Structures are given as C-alpha cells and as structure tokens.
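Two complexes come next, and they have one chain in common, chain A, joined by chain B in the first and chain C in the second.
Right after this comes the complex of A and B.
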C-alpha cells in the first residue's frame, strides 16, 4: 500500500520525508515517516478502522488522534494498550489491533451491537449477580469479551528509573502560555523545569497558521536560551502535599520510563484545553473527528482525513478546520454553524465509515468526514489535586479554576481566553509571580533549618497576585441528552444509558460514574466528564453548576507499573567471611537483608560434629551496639527486665527486652568491657529496631543520662566456636588463659586472637555447648575464620550454618523472639521468671508484667517444650495443639525439628498456663491430613542437657 | 509527600523520617492506675486539628523531636528549633 492519504509537504509538518519507516499493521507491510505517530502513519496509508469498541465492538477510527483518543489502543509487538495517537512510529515495529475477533474488519462480537439496547449500563451487575454459584462460569465467558491487548509473559523486563528534582518553578504544559511563563520565571532567577505531554513544545500553535508556528519556534528558542530544563513526551501526573510533583518521563534516552519526583516550590498549571466530543447518534463512527484532530492531521502530519467533509462548528477552531480542509483540497460540503442554532442529528454510515450526515432540519448531506467543534474541557486535574474546586461558567460552556492556591498558579487556556499577545502577557506575569513566590518559599525552607546564627534577612512579604485576569470568550453550550450517541467512548456508555441510570437512582455524579463506568476508561474523563455531567443535569432538570463535577485524581495520565517501581535498591548484606562460605558449598538463606549460610549440605551432620568435636558459625549479622558513658547501667536497667547495676567488668549477662505493654521485644547478651564501656548484642533482625528504641528512651525520657550509642554490627565480625573441643581449638590461637577457672561461663576477655588485637571473646552458650563467641574487627573476620579452620583440622573443626544452630538451640530449649514468642507474648509467658525483677524501681514493661503476675497468669499462655509420643513424627510449625480427644484448640507448635542428638523429634510451643506443667498430656492435629498424635509437656525448656553441664564445662 | 521540618536537618521528605505518633507523656510506672497506664499505651486523641507529634529523623540526624502539625491541613507550625520545648499531652 502506498501512502495514499499523504498530502503534499505542509509548512509546519513534523515528519521527515527523507526518513521512511517500514512497519506492519494487522499483518500488512506499510510505510510511514520519521516523526509520524502510529495513528498518523495509519491514516496516511488510508486505514479507516483502527479498533473495535469495548462493549459493542463497534468499528472505531480516529477521533482525537492524540494521546487521549479512546479508539487508538493498539498492540505493538509484545506491548499491549499502546496509544497510537501518541506513540511515535519506529522502524520495523509490528502493530496489531486489539479487542477484535476473528478480525478487525469482520468481528463476530459486533453482534453485541445489535442487542446494544439490552446491554445497558449496569447490565453485568444486574444480569450476572445471581446465582452466585454460576459466577465462575459467567466470568470465563465474559473474560473473552474483555478489551485490551495481550501480555507476553516472556517479554524482557524494561529498564526503568527514578530521579529526584528540586526546581523552583515547575511548569506543566509547553504551549505558548507554559513557555512564556517558564521564560519569565527563569529570567527572574528561578530554576525552571518545563514539562510537555506531547513530543514537541508549542501546544496548539503547532497546527495553527504560519505565524502561529513561527511564534512557537521563537518561544521554544527563548526557552532554551533562558536555561529552562525541558522535558517533552513527559507528563505531570500528580501534585501532592507540599508541592510534591510527579513527572512521568517517557522520553528518556535509556529508561523506558522515568518517574521524576520533583519538590517544586511553585507549580504553574498550563495544560491548555482539551477538545470535547459532541453527543449525537453515530458520533463514534469512523470518519467523525474533532476539529483539532483534523487540523493536527493536516498541519503536523500532512495526512488527508477524508475527501468530502461536513463541519459542525461552534467556535473559531471549527471554522479554521473548514479552511484547512479546503486549502488541502478536501471538499467541504457544508459548515453547520452551531452558534446560529443549526444542529446535526445523526452520522449515518456503513460498516466502515460515515457516508452521510443528517441535520436537524431533516436534510441529509453526503460526506465521509464529519468534523465536530463543540467546545472545550479545562483539564483542571492538577488544580483539583491542590484543593481547587473549579466553577462552571455557562456562558463559556466550561469550568474555570476557583480558589487561589498560594503556590499553584494557572495560565493559558485553563485560566481564560485572549489573543496570542494577551495569553503570553498573562503567562509572563504568572512566571514572574511564580519566581517571586518560589524565592519566598525558599526563604521559609532555609529559615527552618538549624544553623549557628539566625537567617540574616527577614522573611520577605508574600508576593501578591496582581495579574490582570484573562478574559473569557462566549461559547454555546452544546450538550445533548437522551440520544444513543456515545458519552464515554472507552467504555461504550451512551447518553441514554446515563439517563436510565439516573432514573434508577444513580443520580449523584459520583454514583453515576461508578455505576455506569462513564469517565472511568483510559481517557479518565478528559473527554467525557463534562458531557456526563451535562446529561445528568438534563436528566435531573438542573444546571451543570448545580450537579457539580467529579474530582479528578492522580494520575493525570497513566504511569506504567515499571515506572512506579523504578530501580529497586535493596541492600544485600554479607559478612566479611562470606567469600569462604561461597567457596565452601554454603546453601544460602536470606534473613532480612543478610545472606548467610543456612547449612553446608548436611545440617544434622553439622549438629553432630559440633556436639562431638567443634563447630564454628558465622554470626556476624548479630546486632551489636557499643555503649559508652557513666549512665549505661541505668539504660540497661531500663531496657532489660533483669538487673545490671552489679555486672562487673569482664562480666556478661543475658537480657530480655519488653515493650511498654510487657510484650517481648528482643533479647541478647551484653558484656561490660570497661568502667564505662559495654557491648550489647541484639537479635540479627532487631539490630536497627533496638538502636532506635534505646535512642528513643535516651532522647525523650532521659536526655540527662550520659550514654552514647554506636552501632557496630558491621564493624565487628562474629564467630561462635562451639563444642567440647572449642577450648582446645581457641587456645591454639590465643595466649589468653581459657581454663574454666580463669575464664568461666558468662564472662568475657579481650585480647589477641590469631594475631588480631582488640578481639572480644565471651563464653555463652546458645547451642548448649562449651562455646566462645569471638568478635573481631571485621576487616580480619575472614582471617580469623580461616585460622580456626586451619588450626582445628585434627580436632574435626567444621562450619555449621543457621539451621544447625536452630536445631541445637531447640535441643537446648532457647526460644527465639518472634518465632516462639509473638506480638502478644508477655515476658511472663516466656518461661524466664527469674529474669523479671519487679523489685527494680522501673523497667520498660514492668507495670504490665507486675499486673500480669498478680492476677492474669491463669489466662496467659506459656512457652513450653513438647515431645510427641511417636518420636519420628516432626509436626509442622504452627501445628494446632488440642485438648486430647476434643477439638478444643489450646495452642500451637512454634518450633519443631528432628534432633540428631536425641534421635527423635523435639518441639517448642505455646499452651495455656494451666497445661504448662511437666507431664501434661496434649494432642497435636497434624497437617495436612488431620492425623492426631499424642504429645507431652516437658519439665524444662531443654530437651537436652537440662542441667547445663556441657556449656559450663 | 509531606515536607517535615527537622530542627537539625531542615525540611525533609517524610519518607526520610518515621512518624512516631502523638506526643505523649509516660505516667509514673509505679503509681499509675491501669486506666492511666493503658490510656498511655493505647489511647490517642486523633484530632483533626493542631496536634503535637513526635517524629524520628531516621535517614538524617537520628534525633527524635516534637513538632506541631495540623492533621486536617498538614501544615506544620513554626518549626521546632533545637532546644525549643513543645509540651505533649499530659
């Protein structure tokens, strides 16, 4: 096919005729030019039907032929829902129609159209509601009628990005007003970002007269000269609190889409006006086009939209479209002047295109193009988002901004009418005002920042708005109700549907919108809102002012999910020993941000080796806080439930932390390194939380306490050496006396390990074995680890992972906060009564724990050790515990493992206090089969070595 | 997104901070009645008006500070400068 509908070169065309581009449409090979949109290339090739409508599968052509065209959605390669009126043609792309079956030209679902009057608004709600049991069947059938393209699940993910920006003035809209405002603001000293939705600056000047086009070029040059940052093919999608402005940039050189988060000091809203469709029978037929679409097609893309036209004109732009058409040789059969009361009734036509236009006087004119210029809609979305509630002006048939918002200004068509000079003068005044106000905002922001000396200058007076407002041009109100004409083209909602819905009681505009889905399609009301309101006003016998309008919410134009997600920067934390784990067969596990070895192939073997010989585990993710100051004991006494005043230098103690409601928050070991120097360890996942928690108490409750906290989690690598031969192993790497007498259980020593100074060693026993936890400067973590491996070969040293540690701690009966306790577990339920010291003056959680111990123990659960009667049954964690022989749920299993040491399953769980005594019989309901097994509560938490002989060895 | 006036770092995106909540005073743990204590734990005024709140400057100076915000308009009242005392709910 040749470009049969391409005109001779036009003075303002944006296509490059020296750069032809091949593409396919619906399987046919076609050619367009660089600069074409997909829609303009299709029009140039004489394509008449671009899509089928959503509900009735009516044929659709070009209506606005721009971003907002409800008919222009196409599939491009593996990308669905591409806006053909906006997306520029690129070489070699495959473009296909959507929502057609079996083909665009012959669509069997168009039969829906025959029964269209039965498929009224709410049809789906009303028809498929009952019986509910049949909904899955209905859904399957209806799903095949759903519009939209197809998603290729194998397509390559695109590269998306985000950016932060802090312009003084952000201008939304790059037409004459937006450009003039941006220039004036920049020349007044502001940093300005100008965002234009379309591919070029210039707005409506791009399809205007030669003089208009020259003005657009001149303004664009001045914009560049003024140092304004210009983003084309980018949309200001939302304005949020404190002038937080979201910009979706589609024109980035590398990112498919980039979300710019701009903290603008002042936002100028200059989106211009959007042409409004006219509601009449057949208004969605191919060949019915809005005047702007016709003028863009001719001036920018040099395409011929038809051969014989009728122009329905309510304004100067309709008249101009008629002149443009005649200029390029299209026969203008008639101009129907709406201003003198003439009207059109119906566009008649065959399957593909308009063939004649029926007028109100009963006459009919043959034409294949019906141009409609029925008025304008002010896209006040960004003003809505800033809190403005636009007011309808009947004499102009459109809404205008109402409230003045301090740092959101509007100019251009949205603010009023005027000739080019008037519009530009108003915009320049707006730009200057914006720059002045931005400077005032800047002063406020600086004054809010702490500094040694006060801000030098007094706050400037808030710059007053002294702009002379723009005038308003009269425009006839061209609204029709009770026709079968479409109001919402995306959703196939006619004015009759709206009238019917209003009669059924959906007569508030917000209700009507949601019930009929009018204005809820991809154009998001840009084309449909005012017509919807007008039809409802007529149905209610009221005016548009009385009915009011729906509120436009973000986004102004759709943002892709990729754009919202952007690049994700997730910290991936590994210890300094990680390279060794990687090259020694670790099976990694992600724990919060940390990647650490879950095991090295055989967790049960790792347990046995540790219990028999010696094992080492990398526990670097352990949270570590360095505490200094004379008041550290006061802080520890406040945060932990037990007592810390008498901890000697060189002593180590386990502590449990609660929140103010008595619920277990965290636990860990803290050791005293010096007179005023302590090292606190926290759970690996609680490191950040405990730091903030401690700071909160210090800063807000006890600012007089002298304590300084430094998080040292990553400054120290931590290795636990556990097992009967751990003393022998460590003694080979340090000269510190490790004998039982010199270095007893729950004490610490500092010194040299494997040649590394400033190491901290403490004797604790999470695994239940004789063990030493060594904290070494993290630069030497790998060195010390390797030294332990090398020095202990004859002792059978082997690494163990998190899983082996979890098994051993369960054998030993040590609970894990957050695993065996939950968000409701009070410290008094954790089986650590000796650690709760109510005789302390105060500690966090004391009040609730005292009350719980006094009179609530009977209703609180207890953490207990449990064993099943059948030793080979390992219940799933979260298995329900019931009263034997009944379905009464008593509690749940919180931890469960097969113990390699005992050769049987071992559990920990929560049961009511009344059933917490050793020997109590329980029953477990196994998943998934519901089989029941008997179980018994143990006397102590420890399944293994309850006396603790091994760890005190 | 709110611009929160941190007294040390200056105005910052609220995503840089943690909203701790309404500023509240801790009753004497040894003298409080259960009603007083649980009011401290759980009850907040949740006014649609000026309110004293605590924020924590997570990504900045890591200071806790109190500031007055109008929860209906999201306006912050004169910024808390270092050392400024703003009282919380008794």
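Right after this comes the complex of A and C.
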C-alpha cells in the first residue's frame, strides 16, 4: 500500500510531507509522514480493521481516531495497549494488532459472537461461581480471553520522571477557551501552566474553517508571548485536596512519561466537549465514524475516510463534516437530519466495512462510511473531583456545572455555548478572575511562610465572580435509535445488556456500571456515560435527571504504572570508611538504609581472629545524639529505666529505654563528656526514633528543661577495636594512658588518635572482648581506620563485619532490641532486672513495669540463653520451643549461630518465666523437617566468659 | 592533620557545554548554634552574610554558620551566649553541595516539593525539605546574579544525593564543578 487514501495537501494539515516515515503494520511495510498518528498513517494506507473487540472479537475500525478511540489499541514493539489514535508515528516502529488469533482478519475468538446471547453482562459472575473448586481451572481458560497486548518482561524499563510545580493558575485544556483564559491570567500577572491533552493547541479550531485555524494559530502565538508554560500531549488526570492537581506529561524529551504534582492556586477546567457516539445496530462496524473524527482526518492528516458517505447529523458539526467530505471528493450520498426527526437504524456490512445504511423509514443507502454527529458529552471529571455535581439540561442534551467552587473555574464548551468571540470573552474573564484569586491565595501563603518574600500590602478581598455566563444552544436528545447497539465499545456492552441488567435489579446507575462494566474501560466513560444513563433512563421509564450519573473519579484518562511510580529513589547511607570496605572484599548487607560489611569472606575466621588477636569493625551507623544542657540528667532519668544523676564526667553507662507500656524501645550507652555535655548512642536503626522520642518528651512534657539534642550519627565515624591485643594496637596511635587502672571498663576519654584531635574513646564491650570504641570526626574516619590497619599488622589486626559481631555478642549473651525482643517484650522480660529502678521518681514505662514485677511475672516470657543437646544442630531463628513430648508451643528461638569460639551451636530465645531457670529442659521443633531436638536453658545469658573477665582485662 | 575527606568519592568527567554546575563544598566549616536567644538578628527561614561567613537560621532555635574556618570563627564572636546557648561543631556531620545555574530551580522541582519561585523562596531563603527522599537544609544563595542553592544533608547520604542531583540535572546539561 502506498498511502492510497492520502489526500492532496490540506490547509491545516499537521503532517510534514517532506519527512516520510517507514513502519510496519501487521507484518506489512507501510509509510506515513512526520506528524501522523499511527491511526492517520494506517488510514492513509487504506487500513480498515485495526482491532478486535474485547469480548466478541468483532472487527473494529477507527471511530474517533483520537486519544479516546475505543477501537484503536495496538501493540507497538514490546509496548502493549498503545492508543494508535493518539500516539505519533516514529520511524521504524513495528505496529501489530493485539489479542487476535490466528490473525486480525480471521480471529477464532470471534466465535464468541455466535454465543453472544449467553455472554451477557454478569456472565462470569453467574457461570463460574460454582463449583468453587473448579475456579482454578476456569481461571486458566478465562485468562486466555483476557484483552490487551502482550508484555515483554525482559524489555528494558523506560525512564519515568516526576516533577513538582506551583503555578498560580493551571488551565486544563488548550482549546480556544483554555488558551484565552491562560493568556488573560498570564497578562494579569499569574504564573500559568496550560495543559493540553492533544499534540497541538487549538482544540476544535484545528479541524475547522481556514478562519478557525488562523484563530488557533493566533491564540497559540499569544500564549507563547504571554510566557505561559505549555504542556502538550499531557493530561490533567486528577484534582485532589488543597488544589493538588496531577498532570501526566507524555511529551517530555527525557522521560517516557512524567507525573507532575502541581499545587495550583486556581484550576481552570476547559477541556472542551467530547463527541458522543449514537446507539444503533452495527454502530461499531468499521466505517462508522464520528463527525469530529472525519473532519480531523481530512483537515489535519489529509486522509480520505471513505468513498461514499451517509451523514447522520444532529448539529452544525455534522453538516460541516458533509461539506468537508464533498470538498475532498467523497460522495455524500445523503445527509440524514436528526433535527427534522430522521433517523438511522442499522449499519449493514460484512466483516471489514459498512456497505449500507438502513434508515428509520425502511430505506437503505449504499455507503462505505457512516458519519454520526449526535451531540457532545461535557467531560466534567475534574469538576466532579472538586466536589461539583453537574446537572443535566435536556434542552441541550448535556450536563453543565452546578456548584460554585472558589478555586476551580470552568470555561469553554463545558460551561456553555457561544460564538468564537463570546467563548473567548468568557474565557478571558475567567482567566482574569483566576489570576485575581490566585493572587489572594498567594498573599495568604506568603504571609504565613517564614522564608518567603515579605508581603507589602494587606490581604485582598476574595474576588467575586462577576462573569456573564455563556448561553446554551439547543440540541436534540440523540442517544439511541430503535435498534440494539453498542454502548460501551471498550467493554463490549450493548444497550441490550444494560436493559437486561436493569431488569435483573441493577437499576441504579452505580450498580449498573459495576455489574456490566459499562464506562469502566480505557475511555473512562468519556464516550459512554451519557448513553449508559440514557439507556437506563429509558429502561426505567424515567428522565436522565431522575437517573443521575455515576461519579467521575481520577484518573481523567488512564496513566501508566511507570508514570505513577515515577523515578524510584532508593536513598542509602554509607560511612566514611565505606571506600575501604569496597576495595577490601566486603560482602555488603543492607541494614535499614545503611550499606554495611556483613563480612569479608570468612565471618567465623573474623571471630577467631578477634578473640585471639585484634579485630576492628566499622560501627558508624550506631545512632549518636549530642546532649547538652543542665537538665540532661533529668532527661536520661526519664527515658532510661536506670539512674543517671550520679554519672561522673568520663563515665559511661548502659541504659534500656521503654515506651509508656513498658515495652523495650531501644538501648545503648551514654557517656558524660563534660559538666553539661553527654553523648548518647542508640541502636543503628533506632537513631531517628529515639531522637524523635526524646524531643517529644522535651517539647510536650518538659519544655522548661534546658536540653539541646543534636543528632551527630554521621558527624562521628565509629570504630570498635576488640580483642586481647586491642589495647596494644590503640596505644600505638594515641598518647592517652590506656592501662586498666587509668582507663577502666565503662569509662571514656577524649583526645588525639592517629593525629586526629577531638576523638572520643570509650571502653565498652559488645563483643565480650577487651575493646575500645573510638568516635572520630568523620572527615578523618577513613584515615584513622587505615592507621589502625597499618599499625596493627604485626598484631594480626583484621576487620570484622556485622556477622562476626553478631556471633560474638551472642556468645557473650548480649541481646539485640528488635531481634531478641519484640513489640510485646517488656523490660522485665529482657533479663536485665537490675536496670529497672522503681525507686526513681519516674521514668517512661515505670507504672507498667511496676505492675508487671508485682503481679504479672508468671505470665510473661523471659529472654534466656539456650543450648541444644546436639552441638552441631543450629536451629533456625524463629524455631518453635515446645514442652518436651508435646506440641504445646512455649516460645521461640530468637537468635542462633554456630560459635567458632565454643565449637557448638548457641542460641537465645524467649520462654515462659516458669521455664527460664538454668537447666530447664526444652524441646525444639526444627524446620523444615519437624525433627525434634533437646535443648537446655543456661544459668546466664552468656555462653562465653560469663564472668566478664575478658572485657574487663 | 590529614586532609578532610568528603563523602563524595567518585570522580566525574566534566561536561564542557554545561549550563548548570554542581560542586562539593563539604569541607566548608560548619558551626551550629542552638539558642533560646535571638542570634544575628536573623529569624527562622532567613540567611545573611556576616563578614565572609554565611549565617542561616535553619530552625526556630537554630542557626548555622558556614564559611572558611577563620570566617566562621570571626562570625562566632558575635554569638549572644546569654540564655541557654550551645555551639556545636558540625563540619563533619553534613555534606554540603552548591547547585548553580539559571535552571537550578527546575532541577530541584524534579526532586523536591518546595515552591522555588522568587516570592516563596527568595534570595537568602532557608528551608528544610525532602530532596530525593533525603532530608536537606536548602539555602538560596545566588552567585553573581545566577540562581544558586546550597544543599546540606546528612553526610552518610552525601554520595547518594550528589548522584541524584546529577541524574535530575541531566536534562539541563549539568556538570560537576
């Protein structure tokens, strides 16, 4: 085919004939032009059938030939469900029909049409409900009938993007009214964003007369001159609370699609009107087109939509379509004037095309094109989303806005009718009003925002709406003929389906919609809603006003999942020592947002080296809060269960933090650096939570306390040096006396380490070894780490990762909050009763813990150390603990590892208090095989060095 | 003393035709002032130069002094130490980047929900917001009439945020300076 249906150049065409584009359709090589849509290129090449309908697989051609065309979905390469009426042609694309087998011309599934009388609305619900056991089998068969194209899961995902915007005025719709409103608003000083669904501004002027097209160009030039931000091929998909307007931008040069989150001060709704199909027998046959589609095809794309036409016209646009057709040489066999009562009843024809049109008077006219001009639907979706409930005007056969919404205004066809000058004048007034109201909103925002520029005048009064309303043109109510036809072309729902559903009791329009799925397809009701309501009204013997409509919700038009997701941010944190870990064989693990070394290849070896020589671990993610002020001890006494008033300068203490219900919230060590200066550490994942927790208590309960809390987690890089040779290693890098007497366990010192001043060292031991935790200003963290590695070569220094640390802390019996405790674990269950000081005036959780200690210990679990009888068996964490010989679940293993130090498995777990005593026999049910193994509770939490001799060395 | 090491460890090829620039200024001395007293005559949301240093009112009770070490020391002499006041060294805790270019606000619009218009975020404005899902302090600090922003985030997020800014700036022709 060689563009057999392409017309001679048309005055308003948007194609560039100097830029031919090759593409394939259904395996055939075709040519179009730059500026063509896929649909116009196919029409230019004489393609008549482009798809099969969803349920009955009826052949379909173009009906609206634009974004809303329910028949134009195609597969483009690996992208399914492309709207060929809207997507522009690009060079070399492969376009195919979708969901047909074996071919578009001979689709076996068209046999559904033969049994169509049994496939009415609700067929699935009624037929496949029982027997329920067979549903999986039904599902497999039904899945083969699922509509849509095919997804290639191996294809490379596109780049999707997001953007925020704060326009004063956002105009939805770039037709004459939208453009005029945007210009007026911009000229009134507003920042304006104009969003147009189609590829060009101009709306219906683009396919109108020469004068119309000139007006469109002139308005577009004025839009540009006014500094309006214009987004074509973009859709306002929703309007939400606080004037949050979502825009799907498909035209961005760097992204497949971009979701714009616009916080518009005023939204102007100017989407124009959408031409409505007419319900009659054969209304979905290829060759039945709406008048706008015909006029667009001729004027914009220079394609000839048929050879011999019948025009069914209820308005001036239908008449204009007949004139356009005659102008380009199409034989207009008849104009059936609906305004005089004439009607059509059926489009006859074979599988590929209309061949004749049957009229209500019984006559028949041969034609391969039936043009329908039955009226328009006002797409009031955005008004609905803003709270409006448009009302139906029977004299005009369409809905109009009803409510007055302060920051949502409408203009253009959705608001009323008029000639060009009247429409533009109303839109200009709307734009000016929007700008005034936006200025009032801006004043309010600016006056209330600390960082903003100062406002220099009083807040203006809210501008009143003094616009003269547009008129309303009469239009005949043309919804359905005397015959049965398709109402929802996307979902294959006919007028008969709707009537039947109403008879079955689904006679509320909301119920009818959900039962039949009418209006729920990709057209989102733009073509179908009013006809659906009209058919239901007829079935109920009521008026459209009495039936009412469904509520239009977001999205205005479907948006891709990629567009909704936007760019995927994955913030992750690394320490200052991260480069060393990366270049020295770390196996990383993600812990909360942190990337940390889990190990460096041999975690058991790392344990052994640390227990034998010296190991260093990067513990920078440890939460760190700088506390300053005379009332810090009060805060610590409030947050921790133990006492803090007498912590000396240079002292370090462990604390357990609870929520009000006594449940363990976090734990950590706090050291006193000066008279009024402390450093608190938290768990790595709990840093933000503890900061917020402490600030909450300070700001809401004790605003009189003088305490400043400053998070310094990454201001300080933290290195733990552990092992019997740790003192020797550290002493090589600092002049601070590290002797046992001068720097005892649970104390801190400050000074120079490896030449770096302001380091904080505290002597603590999570691993159970003699160890020092050094906190270094992070800009020098890597330097100190490397210095430790270099200085300790002869001592056998080696890094160890998180896994080795976890093994060693389990050997030592230190629990981890959130692993060995859970959301129900009270502090009294954690095995640290000595830290709960009920003789303090108060602390968070005291009441609950006092009650628990007095009356509830018998019913509460305890965290205990456990060893299996078989030393090589390492039960999986979360393994159930049962009463021996029974299936009574008593508790669970919370931590378990093979201990390289002890050469056996070691565990921690939660059991009832009655079974927490050392020597108690337990039984574990292993996963996955259910094998049972004996286990015993230990006397203390520590499997290794229970006296703590090593860490106090 | 060894050289201060920034969180930005990658190297980037310059973009010769760039019209937007991102630079790592993390080594800038940063001093945090927490106080219940008014400091430097600056209210929350504003910033001002004091000598060679920049003072930013980052929270209702918090001011941040940025600059070279001597400049920050000089500015710190003006701190009103009355009431409950603490001064906290902050150089190592935060990465600091400068984004400069006529379309810098357009870049930030892609990854941050703040209104960057002149009315809402004028020269000197200080705000805190999520930038690419990372909490940042942002200061508008134009250079020679060209729009410029200082962005400060937790050091551990520095490399991530730097890369996120470069990614968002790709369409504007960004280059590392």
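Note that the second predicted complex is superposed on the first by the 942 of 953 C-alpha atoms of A that agree within 3 Å, B and C clash if a C-alpha of one lies under 4 Å from a C-alpha of the other, contacts with A are read in each partner's own complex, and residues count from 1 in each chain.
Note that contacts are C-beta pairs under 8 Å (C-beta built on N, C-alpha and C of every residue); 3 or more make two chains touch, one makes a residue touch a chain.
Predicted model, so just to flag it, every value in this text is computed and none were measured.
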{"item": "Chain B versus chain C as contact partner of A:629, first or second or both or neither", "value": "second"}
{"item": "Partner chain(s) touched by A:263 [first = chain B, second = chain C, both, neither]", "value": "both"}
{"item": "First, second, both or neither for A:162, with chain B first and chain C second", "value": "second"}
{"item": "Partner chain(s) touched by A:445 [first = chain B, second = chain C, both, neither]", "value": "both"}
{"item": "Which superposed partner A:579 touches (first chain B, second chain C, both, neither)", "value": "second"}
{"item": "Which superposed partner A:22 touches (first chain B, second chain C, both, neither)", "value": "neither"}
{"item": "Contacts of A:783 with chain B and chain C, given as first, second, both or neither", "value": "second"}
{"item": "Chain B versus chain C as contact partner of A:708, first or second or both or neither", "value": "second"}
{"item": "Broader residue contact with chain A after superposition on the shared chain, chain B or chain C", "value": "C"}
{"item": "Common ground on chain A, meaning residues reached by chain C in one complex and by chain B in the other", "value": "261, 263, 445-446, 449-450"}
{"item": "Chain A contact footprint on chain C (complex, rising order)", "value": "1-2, 4-7, 9, 26-27, 32, 34, 43-46, 84, 86, 88-94, 109-115, 117-122, 125-127, 132-134, 154-157, 159-161, 164, 167, 170-171"}
{"item": "Contact footprint of chain A on chain B as seen in their complex", "value": "1-3, 5, 7-11, 13, 18, 20, 26, 29-30, 32, 34, 37, 40-41, 54, 56, 58, 62-64, 74, 79, 81-82"}
{"item": "Chain A residues touching chain C - in the complex, by the definition given at the top", "value": "161-166, 191, 253-254, 261, 263, 442, 445-446, 449-453, 567, 569, 571-576, 578-579, 594, 620-621, 626, 628-629, 706, 708, 710-716, 755-758, 777-783"}
{"item": "Complex contacts: residues of chain A adjacent to chain B", "value": "240-242, 244, 261, 263, 445-450, 660-661, 692, 695-696, 699-701, 841-842, 846-848, 851"}
